[in-house]
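The first chain written gets the first letter, and so on, giving A, B, C, D and E; residue counts start at 1 in each chain.
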């Protein structure tokens, strides 16, 4: 399969600090891949470079063969990349369903004058928007919360709503920034399942940043490890787990061993 | 690709037509300003001494702006709210100074012991301003600290009206004359320029106050607590900092600056009136934003910048364009300059650069 | 919550009232189509005065005025509208005007056995303030006439409204020439304050002929009064053969005048005419002493500055400065009374003009009002206005006042313009009259 | 001392401070000429209300309300008495020391008035303290009464008083037909007041009783969803409202010029508010220079239609679209450079823009074209055929039409892709951009619409007033409009109307308070925000019903 | 007597009933941990103890003294110190200034200097970076700073809110080591943790919260062996 996203020698600096350093990266279509690394290793910065929040000083990022580095975020989203955020960033004062409707923005085409005179096309489109929004909420199981203010939702529901909002833009590549942060093991297990299902139902490619090693090891087909903005390892989960540089810089011996112990039952299930 | 092509590519991708329009807009204004300046320099007959005088006038007016702007910036830095009533706090400071000065004058102290009198007047003005500021904080701001951002802005506007018209009811609607001080009559000569003594005093005092304020905020325990409260009130409270008290102290500090400004203003302009806080208030707000709101040296710089531009602008830029009565348009210059600065530095002269967004 | 409650009750009451009104209409056996007409009649007694009223009064006196009459019941006061600017930066003018009216009222609280009651409105210093205040006052059919307003921007729309309502207003401080120019004058507008057109010309003549100076600079503050005054002065000055080297402008709230003065100094004028208000004028006078090039420039102000407040604001810088102003005899008594009634000194000029307006209105009422047997009054509107226009040689605080056909109570023929100079008299700054201008001639005051 | 008594005493001191403030502002004396009920003047009311209010508040907050209710009125009496005693200090000191050099309002008349015109000072002071104590005590009785009685008396008394204060309003409207006999020349007759009080108290009592029996329940979201699916009730309510609006100027306000003029002014502010609401409420861009577009609209109509020397002789209807278009253009032109600024930077730049427009209109430079300080005069009224919209009640319909159009546009935009984009922008600009929203066009659209609405309002304003002056277009208007949308409830369309009524309508009705109008306005702004920080009619989430199955099929076809 | 005791505490966010009658005790010298899912009320409990969210009902006592009469900054004087969730360092202040603010309530310069030394020995990295703005530190360093800062007030009891959140596994271990070390030096600790596995390893006792109520209270060891805990919070099935 062809890679859907390719990054070549991407470098991003903040003042004197090199946040991402000549990073090469690829992700196959329909894959689930993870980026891990210690705090401040440049993971989120890399995400921001992909989605257009940051402009890398050097390097090329290609999405479906088109260069996207330096484009504005709205253009990139329209091309088919959507994301969620480390610390949930919903439109808090809008209702859940409105959040999803905003997500559909790049897929809608009609203008303000259509809205003012309610042209038949507009009425049709709005009806479709509403139906799809309800469908999406159905999919993530939030219909009961549809008309509630987004920031009054429980934590887990907010995480899912953020994903629904991202899905609404009909992305091909979905970036998830720590999707299981703050969840207990049970919820985490559910989220893992959900991400897999997501990929299959929507034919997505998923790239995630995660700290929870259990999640990363269970779900990823490929893992990239960053440290100080540089890629120090890349490969399948088992390879990464054994990689001495990764253990030294990131996992620590205890965690590495504890991980395999804890991993056993999870895999058994 | 070489460096230059890369740059070009970057710009092409990042910016679109509206950005170009903005720059063209800015450049057009700049071009007009430059043209006007060149024409002015060619056609008018001001000698270098005159130009220098414009600058000196601007600095002394700017000093007053700067002192008021400091109050705006201090409060903004901690509460992230525009204290619209700050101009009125300045006005009350001036009234406090006025009544003290009148009393001293009556008793013969005003010209008998000028330095002592000045100190007394300064203290009274600072106290008056502080009392008003604390009152406003307590009644109009504190209960709304957790409300949406625009709500305290409206109560601030309400407080501004209330204070203004309270002063009007209490002290009358006409101007009150501030007593002259013999000590401050005449001028001193600096680098061959005559500067009025009261103006020189304004420049010196405003610089001293600002330096003192900077030191206070950076070095003292309270100053550090202020900065901590500015960043995160809950965490600051967890350090054992009484957040309410620190906010009150901030208001007092800002109000004291306004009180000093009130005295200096009265010493230069000799008039005290209920409406006097409005225009300087707006100007100081402008100055604070110009310098980068929340930033102490920025407020100072913004104040001087604004003062100088107001003073110099009409003669330097507009006169050459053949515009009649250009002094009337000094605020147009001031605000246009503000737009220009913000187009190219969206967070003010010394504001933190947020050229790239955080996600 | 409780607020909502009484809103609901109010709405209920309103509905009840509507229903009653509808029923009432029927009960009076008036055909439904005529009901609105009747209402109109009660609302503003225009040509057809209230029918019942006419019938009742028919026994003794009837109102034959073509604009209708104001009916005053025996124990009812006579109401006079006062619209002055009472908020905003120019509030001191309104306060002075209102103070002047109050002094007059305290001296003459009754006319024809009826108390005089003031209905005060804030007309602000802008068009919609003037409009709303005028609308409010004119729609009260008990109000006889209006004293005010202050700013020409408030007077212009008000004049139209007042005229349309068959009422009148006597302004105490709107000096704009357009208000009483033949082609723009509105019938209901009169003023006890003088017309700027005249005063400006006198300034030019004084500077050119008496002071013998040939280069004049002017400053105005972008409000109608100073702008027009300096315009007229410059025009006349140029006609006389002088030169207006600079016509500068500032904003009323400006404080730092040194930059503009510096720019003017460069033009080397011999005289600076700045017909401003005390605040800005004070700054100009003081700061002119600090700016190089102004050492020998003669300063001239107009009546806006010929007030105590300006001397306070300018201090010793005012010494030697010239002022023009219509002859307002120094009235110690008025000044004393003002403090007595209002508790403070007048914060601005134009109180005397308001004082005179009050008395002129009362005199006119005395002339035209019809007494009823029960002690009530009928005041015919048209006759009242005619009586105002017929005012001749009224001896007021501000001099001898006679109305012309365009509503000006002052005129070059009746009003003397006095030229004052600020001097120290017994250690205290004061305005000392030096020349009097009358009928095209200056006479020195000894 | 018992802490409760200590806090009561503190409340008394506060009361004293407030009444002294009220007295020193001079309103007590200058409003003493205006009767409210019988001999009770507005001057009395303004300071006595402080005793009543503080007594009432003390009682409501009193911890003794349940356990020892008999002590509560005593508390109220102490609060009022102490307050009055402190107020009594003012004349006592003032008679000895001249306070006039500082406070212009501290004059002998005030002292005399406060001491009930008594020759003997001691007796006056005694009366004053007694008055305070009695008023405070009586007010403190209310909260310990049963709820229905409490609400009935409170409602009856406050409404009666309000009617007395707003006597003029009553006498100018259709209400006069019913309530007329209760009113004297100014204010209520004592007997009238008594009757009104009884009737109103009974009415309020019935209403409170009804409420108690049928407490209001907040509807569940599910119920709202069901309701949204069948909007019959809303349609009926809208119809009734429209009918009311149509008959308002003629039948309810009796074609009264003044009241209609106030209503029209409110209407113009509503149009502006609806526009600014798009900019600030929907899109979250703080604009303090909104008056600029109002001025542009007004000047366009003025210059195009004026019959004076500056005019060009077009008709109002020709000028109107031009005015809107010019304002819109100005909005976009201003919008472009300020787009990249956020929050308070935007605020000050827009403020500057507003000032620039005003100063330019006033300048000598543009005087030959715009009239400078002397403004543009002789603006004709709009004509439809031969029918001239001359009177205020006629202009009302023009303004009403303007409001309906702007409301319609604003509401439709809000519930569309654009409206959602604005809201997203307001909530989080970065994320909004990452949701595919083009920031520049979206912001420009908001600015453009806001400006166009304001231009419309300005155009009608010019025709209504008949003359425009640069001084009119000052910062206060921008501040007013901003305040009204926040007081009403930011982002809420009905909130704009409520806000305009509260902040434009009420001050106009209080015009007779003249110099204290702005003071009340300021205090009201603070008070309203303290009581209801979310606004009087906060925005409610729109409820989206789940589409019916048929719907789904229909659209699938 | 317990050092810290909560008795039947109810707390609300607006209308949301966040804590429904929590009672717990922390004895002198203990490490006690609160575990539970997100939204269970762990952080809320800490906010109640520091009066950032005063309880509507129930009592919080420290050494028998009722804390609800005090405001947050006064609680610190009583010897309670909290490391907030997400670290909450003052990003624009330097490391040293952050630490100095930790000692805001104290007035003994020599004692402060002593404690500063102690923090620097505990976290040598902080000493290297003391002049640097705290915002430029890495996540792990910020966590160290936050803990060090909390220690500067010489607390009797230290409240830690999710110290391992968002940290690399390698850092999590060392942070927990340090927490144990601090406890050994005599500071009582109340630890709120998502990472129940680690928390129960170092704690003496633990409470399990679910939707605002305490559902289990036991020694750490017993909790580790509890089936429900293993299933829900330790991820073992």
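To be clear about the criterion, contacts are C-beta pairs under 8 Å (C-beta built on N, C-alpha and C of every residue); 3 or more make two chains touch, one makes a residue touch a chain.
Small disclaimer: the values here were computed from a predicted structure and weren't measured.
K.L.:
Count of steps on the shortest touching-chain route from chain D to chain E?
P.N.:
2
K.L.:
Please state, in steps, how far chain D lies from chain C along the shortest route of touching chains.
P.N.:
Between chain C and chain D, the shortest chain-hopping route counts 1.
K.L.:
Return the chain label for which the distance between chain Cα mean and whole-protein Cα mean is smallest.
P.N.:
If we average C-alpha coordinates per chain, D lands closest to the whole-structure average.
K.L.:
If you take the mean of the Cα atoms for each chain, which one ends up farthest from chain E?
P.N.:
In terms of C-alpha centroids, the chain at the greatest distance from chain E is C.
K.L.:
Report the inter-centroid distance (CA atoms only) between chain C and chain E in whole Å.
P.N.:
Each chain reduced to its C-alpha mean, chain C and chain E end up 73 Å apart.
K.L.:
Give, as an integer number of Å, the spacing between the C-alpha centres of chain E and chain B.
P.N.:
Distance between chain centres, rounded to whole Å: 43 Å.
K.L.:
Distance between chain B and chain D based on Cα centroids, please, to the nearest Å.
P.N.:
That gives a centre separation of 31 Å.
K.L.:
Would you kindly tell me how far, in whole Å, the mean C-alpha position of chain C lies from that of chain B?
P.N.:
Taking the average C-alpha coordinate of chain B and of chain C, the gap between them is 38 Å.
K.L.:
Touching at least two other chains at once: which residues of chain A meet that condition?
P.N.:
Chain A, residues with two or more chain partners: 51, 53, 72, 85.
K.L.:
Give me the residue numbers in chain B that touch at least two other chains, ranges are fine.
P.N.:
16, 165, 168, 172, 324-325, 328, 331, 357-359
K.L.:
Residues touching two or more other chains, restricted to chain E: which are they?
P.N.:
Expected reply: no residues.
K.L.:
Which residues, counting only chain E, touch chain B once they are in their complex?
P.N.:
Chain E residues touching chain B: 50, 52, 71-74, 76-77, 81-82, 84, 88, 90-93, 97, 100-102, 104-105, 149-150, 153.
K.L.:
For the complex, which residues does chain B have touching chain C?
P.N.:
Residues of chain B touching chain C: 44-46, 50, 53-54, 57-58, 61, 165, 168, 172-177, 180, 187, 194, 196, 265, 268-271, 273, 275, 278-279, 310-312, 314-315, 319, 324-325, 327-328, 330-331.
K.L.:
What residues of chain A sit close enough to touch chain D in their complex?
P.N.:
Checking each residue of chain A against chain D gives 51-53, 72-74, 77-78, 83, 85, 89-95, 97-98, 101-103, 105-106, 108, 110-112, 114-116, 118, 122, 124, 126-128, 130-131, 133-134, 143, 146-149, 165, 169.
K.L.:
Which residues, counting only chain D, touch chain C once they are in their complex?
P.N.:
The touching residues are 33, 100, 104-107, 109, 151, 154-155, 158-159, 162, 172, 174-175, 177-179, 185, 200, 203-204, 207-208, 250-252, 254-259, 261-262, 265, 359, 362-364, 372-375, 377, 392, 461, 464-472, 508, 511-512, 514-515, 517-518.
K.L.:
Going by the contact rule set out above, which residues of chain B touch chain D in the complex?
P.N.:
The contact residues of chain B facing chain D are 16, 18, 21-22, 25-26, 76, 82, 99, 102, 139-140, 143-144, 147-148, 150-155, 157-166, 168-172, 282, 285-286, 289, 293, 323-325, 328-329, 331-332, 334-336, 338-339, 342-343, 346-348, 357-359.
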